[in-house]
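Pasting a structure below so you can have a look.
The chains carry the letters A, B, C, D, E and F, assigned in the order they are written, with residues numbered from 1 in each.
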Amino acid sequence: MSGLTHFDGDGRARMVDVSGKVASERVAIARGFVAVPEKVLARIEASGKGEPIAVAELAGIMGAKRTGELIPLCHPLGLDAVSVSISPGDGGLTVEAEVRTTGRTGVEMEAMTAVSIACLTLYDMLKAAARGITIERIELVEKRGGKSGTWRRE
Amino acid sequence: MSGLTHFDGDGRARMVDVSGKVASERVAIARGFVAVPEKVLARIEASGKGEPIAVAELAGIMGAKRTGELIPLCHPLGLDAVSVSISPGDGGLTVEAEVRTTGRTGVEMEAMTAVSIACLTLYDMLKAAARGITIERIELVEKRGGKSGTWRRE
Amino acid sequence: MSGLTHFDGDGRARMVDVSGKVASERVAIARGFVAVPEKVLARIEASGKGEPIAVAELAGIMGAKRTGELIPLCHPLGLDAVSVSISPGDGGLTVEAEVRTTGRTGVEMEAMTAVSIACLTLYDMLKAAARGITIERIELVEKRGGKSGTWRRE
Amino acid sequence: MSGLTHFDGDGRARMVDVSGKVASERVAIARGFVAVPEKVLARIEASGKGEPIAVAELAGIMGAKRTGELIPLCHPLGLDAVSVSISPGDGGLTVEAEVRTTGRTGVEMEAMTAVSIACLTLYDMLKAAARGITIERIELVEKRGGKSGTWRRE
Amino acid sequence: MSGLTHFDGDGRARMVDVSGKVASERVAIARGFVAVPEKVLARIEASGKGEPIAVAELAGIMGAKRTGELIPLCHPLGLDAVSVSISPGDGGLTVEAEVRTTGRTGVEMEAMTAVSIACLTLYDMLKAAARGITIERIELVEKRGGKSGTWRRE
Amino acid sequence: MSGLTHFDGDGRARMVDVSGKVASERVAIARGFVAVPEKVLARIEASGKGEPIAVAELAGIMGAKRTGELIPLCHPLGLDAVSVSISPGDGGLTVEAEVRTTGRTGVEMEAMTAVSIACLTLYDMLKAAARGITIERIELVEKRGGKSGTWRRE
């Protein structure tokens, strides 16, 4: 399928060959949003940083490390840094993850996975208090390093 | 924190005790949406069912089985059935997952995780063809079984 | 695809629904063979039970427990017993694994996986001493329990 | 080896067969202690419940769920409840874990693993502040349920 | 045990020390064969590339990434590329896997594991349609890079 | 929290950024002790190296490879060598693990984890023969390489 680099000429899925690439420092930042009713949000904010937030940040960090196992065609790779921060805001919780590596391939999927697992963890802890909450939007914010250089969401 | 069942009176996170619950048949259905530019979508549809779709459906099924490892306070549990189906539609791809178990706790998180991993996998395979695509909305559609009975998103 | 129970009417892969099945005791026995040059085989036998054999038996037992993660459409399930025994014989090492569960689905894949991982582990430890050795044959020997009853290889 | 139930008559390791046992409710409580210099301990207590404590409690809960993967001859099994609590005290931090299941085998190893992973996580976070700290003592406190009944450390 | 590099002078298993080796590009190709009755094979070929084949190829790729977890004495390492291709042929399905890395140790076990997991996955999907099918032969085809240079099966 | 490098200025847990560090050879040695009644110890020693010892050594090696998954803020990294040796002695079994890597961060946690998992595995296999045995002390013995240089327990 033309343009889909994970498939060869016969349409067969494969892990893209990065052996010819140069190892370099790479960074990716992703972001997500979980819509939460004001009443529940107030309760989380009242507890300061809040336990559900700390639990979900940690789950996101740990999730980033499992990316290669979860996403079939992702390269398994070492990570230099992972941080996840969750902020209560207008109508919900914003999750942001930043991942760094020194390698032959980027960490876009690691940042996206960190955000997804953190969102799922928030959902899990809040679902009894707020039925029907929604994970709204998970997206890349920025990507630096490697041959394609810097990309920033406008 | 009142109303947040995953935390005890001291605000300490814990896996909720389900030993007193009765094992029963439980079902959960979740749904997600990945926004994809029409040009890329057309290319996927042209290939019939499409390889990226088959890869992502499988990743979602496998992801459901890892829920207990990824979501800190989820119970590890056996699953009776998992299915994930992805359909191209207006402006993107809709992912739907259904999970069943016979157990003391539901499979809401397993269905949500299946959808999330399938969405991430689609994102991974399409990101070179369509920079900046977004996972828009991951949500529960339906939940049946257990003490709280049936819930359906309106 | 007719006759292939892991695919629905649209050819979509899924984990088969076993929620309607009755939980019962199930057993599966599988077997494999790794061809090893006599010289290397003699060295293993000289050491009594032999360390490579003990390591591979253990790897097989641990591998059985990962079946649900490795085989995409397998059900994750608890196991009641796993044993793996490796015997030096004519021209190589015979691996046999027996797995038991009390559940809604059988443990055929767990026994096959235990044998495969034990064979791979033998290969790993012997490959420096005997280049080009081959895993010859991995097959089910017997299966008991469940609706389809007992099956034995003739 | 007589008295060692994990080995058969030939000295071969195996997962003990529990298929003949009755599924029942089982509980295990384990405890550990990490010796920490007073200066570092004071810093942790000053922050109230303290972030390192919350992180380690969560790591312990998640570690309990991986017991079957880590301990070669342990049965993989579902868990009904896991809680880990860490208290600063005289000369260090006391970790206590309680695990429950309804099954054919106990959760003694799950409780011991939860404590071990929580202790390792405390060590990891404190090692830069306090070189050479020691995990002192990991032990079972209590075990209830199953054929052997209740056991309590004196 | 002389000649068995995974064991020290006391017969104790260990992960061989590769810290003194130079990181270099390494490739390994392995192959396997699953014997399948003509009737079932025809059904797979009729569906073009065939769903079971796509599922098993993906399982093989994902399996390669788990090699370090499954094979006790294997080094955990990053991978540069993994591809698995399955071809229907005379009397069955041939599986071939190619794995690349840039590292201090080769990827022979990763290629062998990819083939094994792909064969097991084919077996899993075909077992209901063809009882008693056999995985016949899993072997290394070629190995390039590192101190020992190129090896090719004759 | 000052002095706790795993937490940022807001008290948020994160994986410390090592992207600015130089990759170098690093070694860590850790040690643990499991107290075992003389009667049981004699039985283990009578069997020569002893099966429980071989099983626990292997579990320790495999455990070292899972460190990044188990300890929330640890970096996932490749390992160059892992060895675990268990010796019967006065009043119990001493476990020692040595781990090597070439990387941007050390392997102190990998050595500590290897010892912990080996101790837990010994406990698991001996618990039926010797109720109430205790894991006494898990500690770092030595650490070499990296910016902080060599550290040895006095």
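To be clear about the criterion, contacts are C-beta pairs under 8 Å (C-beta built on N, C-alpha and C of every residue); 3 or more make two chains touch, one makes a residue touch a chain.
These numbers come from a predicted model, not from an experiment.
Because chain A and chain F share one sequence, their contact can be compared position by position; here under half of the interface residue numbers appear on both sides. Superposition angle, chain C onto chain E, using Cα atoms only: 180 degrees, a multiple of 5 between 0 and 180. The interface with the greater number of C-beta contacts, when B-E is set against C-D, is C-D. Centre-to-centre spacing of chain B and chain D amounts to 30 Å, using the average Cα coordinate of each chain. Chain centres here are Cα means. That of chain A falls 16 Å from that of chain B. Along chain D, residues 11-13, 51, 54-55, 58, 62, 66, 69, 72-73, 78 each make contact with two or more other chains. Inter-chain contacts occur between A-B, A-D, A-E, A-F, B-C, B-D, B-E, C-D, C-E, C-F, D-F, E-F. Against chain F, in their complex, chain C makes its touches with residues 51, 54-55, 58, 62.
Across the complex, chain B is touched by residues 8, 10-19, 68-69, 72-73, 75-78, 103-104 of chain C. Of all the residues in chain F, the ones that touch chain E in their complex are 25, 49, 54, 57-58, 61-62, 65-66, 78-85, 100-102. On the chain C side of its complex with chain E, the touching residues are 1-7, 11-13, 40, 43-44, 47, 50-52, 55, 58-59, 62-63, 66, 69-74, 108-109, 112-113, 116-117, 119-121, 123-129, 131-140, 151, 153.
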